[in-house]
Amino acid sequence: MTTDGEGWIKSLTGDAEIAALFCDQAQLASFARFESALLLGLAKAGRIDKQDAAALIAQIKTFAPATGRIAEAAVSDGVPVPEYVRQLRNHVSGPGAEKLHFGATSQDLVDTATIETLAKTISILSKRLDQLITALEAMTARDGNNALKAITRMQEALNIRASSRLAGWRLPLEALRDRLPAVREQVMVLQFGGAVGDLQTLSDDADTVAKAIASDLGLRWPGHSWQTSRAPLIAAASWMTELSGALGKIGQDAAIMALRGKSDLELSGGGTSSAMPHKQNPVAAERLVAFARFNASQMGAMHQAQLHEMERSGAAMTLEWMILPQICETAGAGLTAAIALMQSINRIGTRS
Amino acid sequence: MTTDGEGWIKSLTGDAEIAALFCDQAQLASFARFESALLLGLAKAGRIDKQDAAALIAQIKTFAPATGRIAEAAVSDGVPVPEYVRQLRNHVSGPGAEKLHFGATSQDLVDTATIETLAKTISILSKRLDQLITALEAMTARDGNNALKAITRMQEALNIRASSRLAGWRLPLEALRDRLPAVREQVMVLQFGGAVGDLQTLSDDADTVAKAIASDLGLRWPGHSWQTSRAPLIAAASWMTELSGALGKIGQDAAIMALRGKSDLELSGGGTSSAMPHKQNPVAAERLVAFARFNASQMGAMHQAQLHEMERSGAAMTLEWMILPQICETAGAGLTAAIALMQSINRIGTRS
Amino acid sequence: MTTDGEGWIKSLTGDAEIAALFCDQAQLASFARFESALLLGLAKAGRIDKQDAAALIAQIKTFAPATGRIAEAAVSDGVPVPEYVRQLRNHVSGPGAEKLHFGATSQDLVDTATIETLAKTISILSKRLDQLITALEAMTARDGNNALKAITRMQEALNIRASSRLAGWRLPLEALRDRLPAVREQVMVLQFGGAVGDLQTLSDDADTVAKAIASDLGLRWPGHSWQTSRAPLIAAASWMTELSGALGKIGQDAAIMALRGKSDLELSGGGTSSAMPHKQNPVAAERLVAFARFNASQMGAMHQAQLHEMERSGAAMTLEWMILPQICETAGAGLTAAIALMQSINRIGTRS
Amino acid sequence: MTTDGEGWIKSLTGDAEIAALFCDQAQLASFARFESALLLGLAKAGRIDKQDAAALIAQIKTFAPATGRIAEAAVSDGVPVPEYVRQLRNHVSGPGAEKLHFGATSQDLVDTATIETLAKTISILSKRLDQLITALEAMTARDGNNALKAITRMQEALNIRASSRLAGWRLPLEALRDRLPAVREQVMVLQFGGAVGDLQTLSDDADTVAKAIASDLGLRWPGHSWQTSRAPLIAAASWMTELSGALGKIGQDAAIMALRGKSDLELSGGGTSSAMPHKQNPVAAERLVAFARFNASQMGAMHQAQLHEMERSGAAMTLEWMILPQICETAGAGLTAAIALMQSINRIGTRS
């Protein structure tokens, strides 16, 4: 779901690096990888000659789809794949060309492209998360012994060390980092089910072909299609939403500390006000709160999208496409904002 | 919140006409109208000479802001206005130039621009809604006497006329249309509060200036700023979400009817399948379901964004900016899809 | 949706007065009113003798349904009505007894009972809202001239009068009060559609019967059933959610003010802490924030429940029943908590 | 959050067995276990004599708290613990009695009680999940070779075996079962942080005491308090919401199959209609859809509740208490309904 041209909202809330992963060009490149891997798999199962497959794959590499026409056709088809495959079929020729897309269906391409995109998104987030944790460790080393008033239920409580509040910020991020391998394991699965999910066109060759595709794409083949069971998408989205939540807590704290003043937090480079130029608004902190609440709401919608009826749900898939890219971008924008926030904090707490 | 370049998702779920209303150019044009109207108001209150105001307004008309720089500055400022006003101040000169933006604050410009955008969105939606109702009336005239099986709790019940189901589609849309004047009345209010919401800089002239701005912009002045009370935004978003819900019900019905077959519904131009070219998928109907569920979730988030703390909440405003444009686009895309769906229905029910 | 026996959570977050409106006894009393009004309507249309109807209505008055058995049967029937009607048929006898429930369906009783309950809930909320507004007016009279620091984007801004912040609390509540007549008008509609929504069993008498029922119950007859178009429920729930949001903003502010200390807010009777007995936690304020976020989420779910498929949706109705009573209770609990909060505020701002 | 006395809604949507785990009596019993374990821990650290601790623990066993008074005090305290501890202190006496609750805080008791409740809930759900999977295996053995039309995008597609659709129901449940050990590991952690989360009152003994409490309660001590980082609650709630989603997909499918008729599904014991006694409504299936959409919305709210500000958030905790018990009950009610649905399915698909 996109709103064209909102430049300033986009720069305030978007993530250009992650957005690029979701652009048509990137998604269609993923489709091409799938179609190539499928040909390899069909060759492995003896459904197409190996040389023929190689020749077709070479042609796929030179395919430049007409993206405008694909976007247009998607409105009536509900997916970009039929028009993509039509164009691709026009592009390739030679023996075995009729085996292109054989046994596959639109959802196989779209879902697998989504998986590849989530894997890349997670890699980007993982690097930024490392950076943020490092920044928090450095801050703890620098300011950890400073004094703060603990605040419980919006009341000053006992004295604590800054290290204590910083641990409350850092530990959840470390826990999220520790869970990443398990999340990747859940997420990085091949979607391959064919027209109705049971790979019936490939009969006994189905497993051979599926394993070959998975191996070529660096994904796991779970032994069956998951076209109506969206656990991989939920796993990625949940992790990202928890990340946004953990960052939102940091943002909420930082905003309250900024309000309490310099004994709590010394910020540089906060936002300026058009009416009160002297203020240093904790803009990055506020953005983190907004991002957390945004992704929390989207996550509810992702769970709504779990109800894929029968063998394939166009409604539920469309809902996922409207939400999932935004969850990714918002998680990414949050990490960038949190790193910026850390860089803008000159000091936390009061030196004793 | 936008994800750049998702061409096919954008064409499937977005609304180019409404998206254009939210683009920087349109929003900054709204800022310019506000600043001009403010000068008129200040002139009316005797705070600036009328000729001087007119001369400045003439200069504002020729102002072409550097949008890239504004988008960039928004990241640290949290709003596009400080940089916009800085550029505008550089652009204008002459007596009274120091009165530019006098008494106003960033939120006044951004909120009022949002109001203007919502008003334009509602006008677009209103026209399309009329079209859709007309299409439903025509379908009722054509097919109303046809026979259908009523379906209650997913079981065939008694026989009904097609007109009965069509009334279930049309009446909620008519009710939404009937409520539009009241919604417009709630929505079309000027935001004007100054630095902290009480217009203190303008003291006794506040009301004079506010009324003049409102009159110039064709908005209502409610007598006070509503910077932390978001009823106008909620009113617009609620109406649009209800609209999406009413369309989603139509889509859900049409999808079930398409599944039940030609005695219920004869569709032309449904979506094609990459694996089963003979199918006619009810893509427009599925999209309506997805749009309804999407906006329902966003509406929950809009209510979350009601908690504007103290005199101005950067967090809550940012959250609104991430959600509101999407609710507008999704409502618009839904009407377009519903009109297309009606056009693709050759017949509802069985002729007796 | 209820969780039995959570005494302390219930006392912290529930509303006993409103909960009582949703209890079986109250709902079944509403069913009885409907069945009686239906007999009156059938008599008016000449479908039953007036004396016979009166005799049956007299018997309905003495009917004490076996609620346990009804709750049990609801699990398989999905609604309490079939078993209720079965018991009622056993209870009444005499000429015309076969006309009991004639032309009506389960949803007519359940929806109309919901409408009656919402009307009573709104009356309760309206009284409490008046009380709260009065308390805010009194506080403004007492403390309005006191000085506060305005806080914008979590930074101290300019000096304001306490009256300014109090206006930010009171004005949205007044606006909600002003909208109540329109909300009541939208909400207080009779549901009457019969088996499949078109009142076909009553043919030409449908309107006569419907108007008589509506008149007897003090409701409006919109001219048609609204069984799959839930605008009346959405209208009530939206108003309550906005109310919770407006109270949540007050709570959020009060909590921040309590944190800032006695120059902002002097509270008495705040919550005690098991570990730090000296604290005065702004518990009522925190509850208001929780209630606002709770109802915001539930409101998203109410919009999800708009998708009633075909002529009757058991799934969507069940979802409504899980959510709507909670929105009502939470709105009510919020008003009670807000009134308590006002009573506990000894002073806002600093006397000059 | 509870609505007292909604008998029939409760029986339709609640889960009495799980509700009982959340009742005051069960929660206060958990508090007692915590206070006893704490005394053991203090004894281990030499902060209290072992005999004295044992004597106090014996007295705790006979403590019968006045629950009404606790529920009442919770309104002003925001938690039930201060009044509970006050009563408990009155109940116990003897040497070391002053060490009761030493080093602990309200949230330690409430959170740990929640953890114990979640562990018990998961055990209940796990057993029912096994039952449901067994039922699906039996159905596959009985009907797996029957023929069905696959339905993709609400259109009939190719022929499939019933085993294929049943696999789409069963595999996600098996995956959820496989993830249970990891979920339990994430969930079953002791909360222990003291007044401000750093266990400062216990200084060097903190770890000794914490480990002893954890060991006594059969929980894991993660090495630090997690009072503002709610990953354990999110892990449990996410798993339950995914479960509800997987069940909702089954319900959605079964409802569509029931509509398509006996070649798809033969149901016995469906719901009766007050107006059309011949129908067999797929009530259990509809409930599953409602439960899935309900929990999806609640899960969004759980993520909203992640923003615990500073060292303790009364607002966020209250929000959790309003939501988490409902997610648990709804997940439980869903499993019960799904098992009932399976029992009511006489046949899936058409025998060849």
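Should a chain be cited, it is by its letter among A, B, C and D, assigned in written order, with residues numbered from 1 in that chain.
Basically, a residue touches a chain if its C-beta (ideal position, glycine included) is under 8 Å from a C-beta of that chain, and two chains touch if they have at least 3 such contacts.
For each chain, UniProt lists the protein as follows: A, B, C, D = Adenylosuccinate lyase.
All values derive from a computational prediction rather than experimental measurement.
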* Structure fact -> Moving step by step through touching chains, the smallest count that connects chain B to chain D is 1
* Interface with more contacting C-beta pairs, comparing A-B to A-C -> A-B
* Centroid-based (C-alpha) most distant chain relative to chain B -> D
* To do: For chain A and chain B, let me know how many angstrom lie between their CA-based centres, rounded off.
  => 27
* So, what's the distance in Å between the C-alpha centres of chain C and chain A? -> 40
* Asked: By residue number and range, which residues of chain B touch two or more other chains?
  -> 78, 151-154, 157-158, 195, 255-256, 270-271, 273, 276, 281-283, 286, 289, 293, 296-297, 300-301, 304, 313-314
* Structure fact -> Seen from chain C, its contact residues with chain B in the complex are 78, 150-154, 157-158, 160-161, 164-165, 167-168, 171-172, 175, 182, 195-198, 200, 224, 226, 228-229, 231, 234, 238, 241-242, 245-246, 248-249, 252-253, 256, 289, 292-293, 295-297, 299-301, 303-304, 306-314
* Touching residues (chain side chain A, partner chain C) in the complex -> 151-158, 255-256, 258-260, 270-271, 273, 276, 279-283, 285-286, 297, 300, 304
* **Of chain B, residues touching chain A in the complex** => 1-14, 16, 19-20, 22-25, 27, 67-68, 70-72, 74-82, 85, 101, 104-106, 194-195, 251, 255, 269-276, 281-283, 286-287, 289-290, 293-294, 296-298, 300-301, 304-305, 313-316, 318-319, 321-323, 325-326, 329-330
